[in-house]
Amino acid sequence: MLIGKVVGFVVSTRKSENLVGNKFMIVEPVTAMKQSNRIVAVDKVGAGIGELVLVAEGSAARIGCGEDRSPIDAAIVGIVDEGQNLDLE
Amino acid sequence: MLIGKVVGFVVSTRKSENLVGNKFMIVEPVTAMKQSNRIVAVDKVGAGIGELVLVAEGSAARIGCGEDRSPIDAAIVGIVDEGQNLDLE
Amino acid sequence: MLIGKVVGFVVSTRKSENLVGNKFMIVEPVTAMKQSNRIVAVDKVGAGIGELVLVAEGSAARIGCGEDRSPIDAAIVGIVDEGQNLDLE
Amino acid sequence: MLIGKVVGFVVSTRKSENLVGNKFMIVEPVTAMKQSNRIVAVDKVGAGIGELVLVAEGSAARIGCGEDRSPIDAAIVGIVDEGQNLDLE
Amino acid sequence: MLIGKVVGFVVSTRKSENLVGNKFMIVEPVTAMKQSNRIVAVDKVGAGIGELVLVAEGSAARIGCGEDRSPIDAAIVGIVDEGQNLDLE
């Protein structure tokens, strides 16, 4: 998983029917993760813009969120409260 | 997932029989994604060249699109209408 | 998926028995893909050195090619005839 | 898998119910791995901060740890005792 | 898959019980692969330090090696004898 900040979202009206009802958030990894590419992740915990979140990728996002037949490869699965030895700017 | 622009497509006559009937679009991630490598994605929503799309990768593309037995590792699963806090140039 | 050129192959006599009968081609992504790392992919369409091919990666290569129990994570699944808006040098 | 050092952890109260009971450690690959991005991995072996660990990623972390239905894409699956020809600083 | 050279190994006494009996080799991709990050791969063919090997990653390593329930995301699945048009230094 990775820790990132929710920096935006996108709206898609014409999409796979298995995606209906999901919110697509843009997550930027925090600097401490040392990776730069942003991710579009489906929100499963009610995250808002500006919040620090935990993102799961790959089949973990799909199966781990009970979305076995949806084209989801990333999901926000937790809100980060605090970190130790980690600069969460 | 990632957001990208459809910049082209490729034609393949001699291919795996499980790929027959699919269109192979070339998708370039938008700058806001902060990743540079392009992806060949199967089109599942009728996307055209120049459109902004949502791409799912990995087993999500295959199983999430009902193509369980096809060698598909990326699929266009949505057309992006708009974004908030995201420069979709 | 990605588009690449077959630039070579490797021979492996001592290997997993589930790999017997496969050819291991070295594929270099074309410049238009904007990614540099080469891939060793199993050939499923009779590709030759110098040909432009479509490569599927991950579980799509294994399951999508009916090799469910083989340690295959990349496969050549199409020969590319032509591309639009894509410099296939 | 990769070898890394546990450099911190994060706390998440509001999270997917399938994640309850897990500890989320921040792992930094050792220099010898020649990769820089840190990973958030669930701890399955009782690793402490500063320890060298073996991390599995992808479906291996989820299924290989008996967490088939959890959104886990990385797990600490071993404590590294020593290495040969490997600078484990 | 990728071609790499076995450059070392690591020992882990305290580990997931599904990993018991495996050897963890450090593999460095050959220059011709044009990727730099090293991988810890389980050895399935009796590879020794200094040998050129074929490595499978992801679920292919786990399921393709009959280790369906083990946290293994990379495996050495072949010894490379020779290559054509490939500098295997």
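Chains: A, B, C, D and E, in written order; residue numbering restarts at 1 for each.
Methods note: contacts are C-beta pairs under 8 Å (C-beta built on N, C-alpha and C of every residue); 3 or more make two chains touch, one makes a residue touch a chain.
Not measured: the values here are computed from a predicted model.
Chemist: Give the chains in contact with both chain C and chain D, ordered by label.
Modeler: The common neighbours are E.
Chemist: What's the distance between the Cα centroids of chain A and chain C, rounded to whole Å?
Modeler: Roughly 31 Å, centre to centre.
Chemist: Between chain B and chain C, what distance separates the C-alpha centroids? Give it in angstrom.
Modeler: 19
Chemist: Could you pull out the residues of chain E that touch at least 2 other chains?
Modeler: Answer for chain E, listing residues that touch two or more other chains: 58-59, 61.
Chemist: How does the ring run, chain by chain, when chain B comes first and chain C comes next?
Modeler: Beginning with chain B, then chain C, the ring reads B, C, E, D, A.
Chemist: What does chain A use to touch chain B in their complex?
Modeler: 7-16, 18-19, 24, 26, 28, 36-42, 49, 58-59, 61-62, 68-74
Chemist: Taking the touch rule as given, give the residues of chain D at its contact with chain E in the complex, in rising order.
Modeler: Per the touch definition, chain D meets chain E at residues 1-3, 32-35, 44-46, 54, 56-61, 63-66, 75, 77-86, 88.
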